[in-house]
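Report on the structure given below.
Residue numbering begins at 1 within each chain, and the chains themselves are lettered A, B, C and D in the order written.
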Amino acid sequence: MPAMNPTFAAYLLRGLAARLVVFGLVFVLMSVLPRLLPGDTFDSLMASDLVLGLDAGTEAALRERMGLSGGLWQQVGAETFAALRGELGFSLIHGAPVADILLGALPWTGLLVMLAVPLFLAMGLATGIEAGRAPGSRMDRAITLGMSVLASIPSFVMAVFLLLLFGIVWPVLPSAGAEPVIPAADPLERLVAIARHALLPAIALSTHELVRYFFILRSETILVSRRAFLVNARARGIGGWRERCDYFGRNLMAVVFARLGQSIATLLSAALYVEVIFAYPGIGRLMYQAVLDRDYPLLRGAIAVLAILVLLLNWIFDALTEARARRG
Amino acid sequence: MRLPRRGRGGAEEMRFRFSSGACFSAAALAAGAVLLALVMFLPPYVTGPDTLSPPGREHWLGTNDIGQDVLTGLLRAAPTTVGLALIIAASALLIGFLLAAIAAGLRGLAGGLVLRIADIMEIIPSILILLLFAAWVKPDAWGLVLLIALTTWHDDVRPLRAILLRELSRENVALARLMGASWPYLLVRHVAPALWPTLAAIYVQNAVQAVMRVAGLSFLGLVDPRLLTWGGMIQDAVDYLHEPAWVWLLLPPAFCLSAFLFVLLGIGRRLEESAAGVRGQTL
Amino acid sequence: GLHTALAQAAGERVVIADDDPDWGLPAPYLQGRGGMGYILTSWVFDNLVGQDSKGKPAPELAREWKRSPDGLSFDLTLDEAARWHDGEDVTSDDVAFTFDYMRTNPHVFVSLANVAGTEILDEDRIRITLSEPDAGFEAGVLMGLPILPQHIYEGRENPRRFTDDAALTGTGPFRLVSHDRAQGRYVLAAVEDYYRGAPRFGELLVVKMSSEAAIEAIRAGEVDVMTSVPFRLIDRARKAGLSIIESAAGHPAKLRFEHEGVFADVRLRQGLAHAIDRATLAKIAYRGGAVPANLGYLQDGSRWFNPEGVASYPPDAERAAALFSQAGWARGDDGRWMRDGEPVTLRIITQGREERLAVVLVDQLEAFGIGAELRVLESGAFREAVDARDYDLALAIGSTMGDPSTVRERVFGMKRNNERFTGDGRLRALADAQARSLDPTERAELLHQFQEAYAEELPTIMLVNTVWAAAHGPRVTPFFFPDGVAVGIPVAVHKYTFLK
Amino acid sequence: MIQLEGAGVRAGETVLLQDLTLCVARGETLLLIGQSGAGKSSLARLLAGFLPPAIHTFSGSARVAGVDVMRASASEMSRLRGRRIGLIMQGLADALNPQMTVRAHIAEMLAIHQCFGVTPEQVCAGGNIPEHLLDRRPLGLSGGEIQRLLTALALIPRPDCLILDEPTAALDNVNRRLARDAIAQGREKRAQILITHDPAFFAPIADRVAVLDRGRIVEEGAVHDVLTSPRHAATRALLRLPKPKATKRARSAGQPVALNVSGLCHHHGARCVLHDLSFSVPAKACLAIRGESGAGKSTLARLLIGLEALQQGEIRHIRKASGARTVGYLSQHPGRSIPGHFTVSGTVSEAMRLVARGTVRERISTHEVQRAVETVLKKVGLSAETDFQNRRIRTLSGGEVQRVALARALVQRPRLLVADEPTSALDVQSQTHVEKAIALAMSEWGMSVVLFSHDGELIARMADTIMTLEGRGLMTEESASPPGEGVVERSFQELESTGDDCLDQNHWRD
């Protein structure tokens, strides 16, 4: 990255402006798009199999009071103004302020993602480099075959297998929830329990991105292994982990960084199936359910968080990528 | 007399070097054709009272939870799965590559715009977009291809951009540009062949993604739930992973899919060896 | 709060596992949608009338209640011992307030459209007057409506945004101690001085767990009840040594018609009923998780069920074909049915839950020669397709539970969940008559006739009746009511399971 | 140490090496010379185990430090490399890890070989690498800088066998000498093979010479014997002194100006590389620019053709009638300027088509292209056979790539040729081809040339004007003396002024 100088400041400023515009756009889009879906919050709130004979007048009054009346633009406008005042809104479906709901769920997903990212990065780099540095070798074939199999098994299936294997057949790890049924009172004990509970879901989550990284890292490794500097380095006697880290690893970083921001965002929503299978708390299910429930404020709030995260991460990672990619 | 050599590799030489790749792809093609012919004579894929019966004389690969014969399903799903995967993966890669080239090659507004659109695509959940589509249109096969390609391109665009940033900064590209080469020409002749393994890898990755995505679409009303694909069969197996049935419900389609991927990777490798003249160049 | 509550003896605690306990908060306006939300509220908020172990009406907040001979008013006497959780006395003012308040802020499950007014007779006695006689008032409103504390809810303009702890002040046997929305964990403590006697368990703990994990957890003794067992896991749960309780839930999968479209002719509906083999449907698509449904609307298990005389349309392709031909359809050479010279392709819509059933059904239709185009829609899209009448057949699970006075709305109503039947003949007359009939035997007779007429007219074809199951360990024995909890909710972990 | 017996290598149908029998003992330095494409680099790669068995077939035996490199497994070979055998490869393009700084490269080698007392700065001093390069990444390093670094890196492990493939091709005279000294140091403890196009220069530190011709060793013997009295024709061809130009072009007085540069300044970051340069080149003339390694020659070349963005000053080219600018460019790193997957004919015809499209805006016939490609390949001394034309650039030898690059530049019939070290990888014979081809172009269509080179003799033969880039881009201009003896004298003087064994060198050439 360029040093701190006026042009860099300008670059930052320009980037900031563009990102603010995108954020605003996403914010408005997330107000508009969900409302274009068939149905609305009111329908899903009052949809019951049992009978409720609401006459039109009552319904209109009720909508009015719930803040679900008015046309699309009126609602969007009201929401946007509220947002400008710093209000994230209130989820009628959950009967709670959006901020509370998100704050309850985000740390758990954050924990999973933070555990999963190093996992799939390490695994992806290790397998990708090992397979790609000698394409066609026995090692490459074995790894690639394994990864093809992994690729054809969706990650939610992997998650169930993990659960079965380590939760039921050989029950060494807890298989449900983020904490035991009755959490320990001792904070340290509780922390250990939380970590143990997060392990399986995190591994399951990491398989979601692992294959993607493997394929692209393997192919990039193949490209690197054809380059002259690598042959030169080998001629100088560089091998082993130095070759893997300094020569392959560093030259793969541009691609790794390029994908990383998106990976993290993807994992946030891919957490859905992990949450379902491991009954784990988190934001994935919230977002999914918010779409189905037409829970506009919650959906928008969750997406706003996601947007900030994605924009920020991509901003950083784009710069890191660019710096590395331009070195040749 | 030899054919005059043309700029792009020469038909004859292609044919010559192709041989191993050609054999391989021809075999794959032949297998596909045989499969297609088989499908014509296959029994229909219908539900029946023999639910979840294990592989046996009557149902070689057993039946699923609503009594459909797994083997019949596998064979019937083959053309759709393979066809859709190949086409969707290709379109997604094409879109991704072009946009990545714009993002990497054009500084300033256009390049930034592509990345910002990718940002937005990353942020907005695809289920939302797909539901919107489901509300407005009932896509046909091509619509489906377009729909999935349009909702997956952003997966590829940043990694491809990183790679293109590197490749476009090479001297040969700058020089060809000075000689008056156009951007499309550069991408096709200078950059893409140098990136063959990566493009192949992304293609394969897209193919997996496509298979899984098509399977997921039926739940949003975008395709008939009876559209038979390996991905769909795998997804249907999910409820039975806790039971012995997973062996014949999950493994056969998963095996077919991995075999397909492996073959794709193999074809990619062989095509590269013949087209870009790289063979065992590494040590 | 959490840990002190947890410190209580484990013997008094019941752990309930659910695969998605996103049930909202236990208050009438904050509860999650669907039955479980209602059940949660019912732990904390009592209704006027409760249920005994058979599900029959039993005293709750109202010690006794009496209908006037003309059926237009009810006199209720409240239990003097009843107290709000904050210690306030429950008075007839609270009841009057609730009826009033719920008119502007309707409860999702209860309609007060027929209530003309309330009259406070004294501190513990109140009279409720109706606009017209209603046989289902007792089961629908008295049993279904939770009573709100006036001193807390008075003046609350928007109860759905009133989320203070105070909003959870009820009269019921349990009180919410803590709630972790993200983890799906509820801790409820028994109200020791509950006016109907202290509950059998000191604490209810609701935790989130996938069904598979819950089975293991019950086996290991960590969990006592799981609220529902998917049918594919019932065998597994049995093998694991769990006790399973089942109930034909009165939630049949209905094949609904777009009555203004293709299936306006009753012969077509009857023909279709013959063309479909419901027993096979149940066998293939549910493997023991459902039984063939009765075509007379009410299902086996209902108090009002008519076991005889309801046409059952056995699978019979020839009869079906004959009826189709009478209705003017013709069969092409390839065996496909033609309508006005065009081969028929029915647009069938359904939702994800019923996808497997739909596929089996479509197979049967195609075997009979009717082409089908199947779409699985997400619930919003499904509702919209119904509104737009953009379908020929819709496959969805619907309730037939609760007091039959609801059939008027459910069969003839024009709402999305209703069957939207437009026929104006005997069926409608019977439905109206039974709803107004105050004499149980007469009503039973009318309902029997209604079921026979229903099977003849076939406003919908009831395909299969799903079985609901719960599993439990040795310490608790939950049970289902034949007609469901209150307004008809087929759940076993209702508060009566936890009361003495 | 290094022992070849009947060693042969084939790549598919092509014979790369044939029946080589050779032995280099510890303490011995062997000069390996041969025409461009003779198989020198292939031999080097063979010894270091870099010929993938997947596409090569081996015969005979080749042992290095006791290991049969033809049959050793990949892991055995990687254990061998470093301490036992070291290799400096020929190409400089992409020779260093682009993600690592110079310091990291050095530190890494020091760490691997446990040279704890040594700092990267000391290594720099030893290799005459300016310290300000330490924290730079390879992108933008000049050719000579890369080469010096490579040599320094290769010497750190003190390997038992060392193979150096053209270790001084990109260096100016001062650095060449320093490099030679470095290579000479400790040679008594190792077996060393030096591949070079300038045997005379390395003669003082070598014991024996082997001459490779089309994959065979045609002559081998003590340095003095072979260089003074070569027996084989191939050897004689290699050692023959290029004749000075017989016909010098008429002085280009009154010719229009082909290139005009004024007030050119260029900075890399804070470092000023070129400062206030002004010069012009008349049509049909050749301007030679020399300067020590890192003086900014390649930077200037890139500026002239527009590969580098102009920072300050003005560069004006003559234009063709159509208005199209045609400047031919011969990169110092031809490997960088041609994609490896291109075929030879593809490379040349591409240039032709692109230029044709830019000017005439019509497609030229395939046949025409084919003819032109053949002609130009022959002109630069390459084979015009279909087999060769269809070869991928990445399988070519260093000299071949360089000449393909020249062919590509010439086929465009440019008005101006910017040639950056056009003969660094060439033997005497190929060099002559190149010179002739350029001279022909100058006379045929009036091409002017800006030549950047370290090779004083080349400059002397080709240049009309000579300029020297010094220090921070200062420039002195001198007119080349009339053709003939004068030029040679000048270069002799130059040699004398800089070093001690210039006489040696000339002695061997007589």
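To be clear about the criterion, contacts are C-beta pairs under 8 Å (C-beta built on N, C-alpha and C of every residue); 3 or more make two chains touch, one makes a residue touch a chain.
On a predicted model such as this, the values are computed, not experimentally measured, just so you know.
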Open item on the list: Count the C-beta contact pairs for A-D and for A-C, then tell me which is higher.
Closed with: A-C
- [ ] Starting from the mean Cα coordinates of subunit A and subunit D, work out the distance between those two points in Å.
- [x] 51
Task: Averaged-CA centre spacing for the pair subunit D and subunit C, given as whole angstrom - done: 86
Task: Mean-CA-position distance for subunit C and subunit A (Å) - done: 37
Task: Where subunit A and subunit B are represented by their mean Cα positions, the distance between them in whole Å - done: 23
Task: Multi-chain contact residues (two or more partners), subunit C - done: 212, 378, 380-381, 384
Open item on the list: Give me the residue numbers in subunit B that touch at least two other chains, ranges are fine.
Closed with: 131, 135, 170, 194, 242, 278, 280-283
Task: Residue list for subunit A, restricted to those that touch at least two other chains - done: 37-38, 134, 136, 168, 231, 234, 324, 326, 328
Task: Interchain pairs in contact, sorted by label - done: A-B, A-C, A-D, B-C, B-D
- [ ] Note which residues of subunit B are touching subunit D in the complex, please.
- [x] 2, 4-10, 13, 170-172, 174-176, 178-181, 189-190, 193-194, 276-283
Task: subunit D to subunit B touching residues, read off their complex - done: 49-50, 52-55, 74, 77, 305-307, 324, 327, 329, 331, 333, 336-341, 343, 345-346, 349-351, 353-355, 357-358, 366-367, 369-370, 373, 386, 389-390, 392, 394-395, 412
Open item on the list: So in the complex, the part of subunit A that touches subunit D is made up of which residues?
Closed with: 134, 136, 227-240, 242, 246-247, 250-251, 253, 324, 326-328
Open item on the list: Under the definition above, what is the set of subunit A residues touching subunit C in their complex?
Closed with: 37-39, 43-55, 58, 61-62, 65-66, 90, 92-96, 100-101, 104-105, 108, 163, 167-168, 171, 175-179, 181-183, 185, 276-279, 281-282, 285, 289, 292, 294
Open item on the list: With touch defined as at the start, can you tell me which subunit C residues reach subunit B in the complex?
Closed with: 212, 232-233, 236, 280, 283-285, 287, 349, 352, 355-356, 358-360, 362-363, 367, 373-378, 380-381, 384
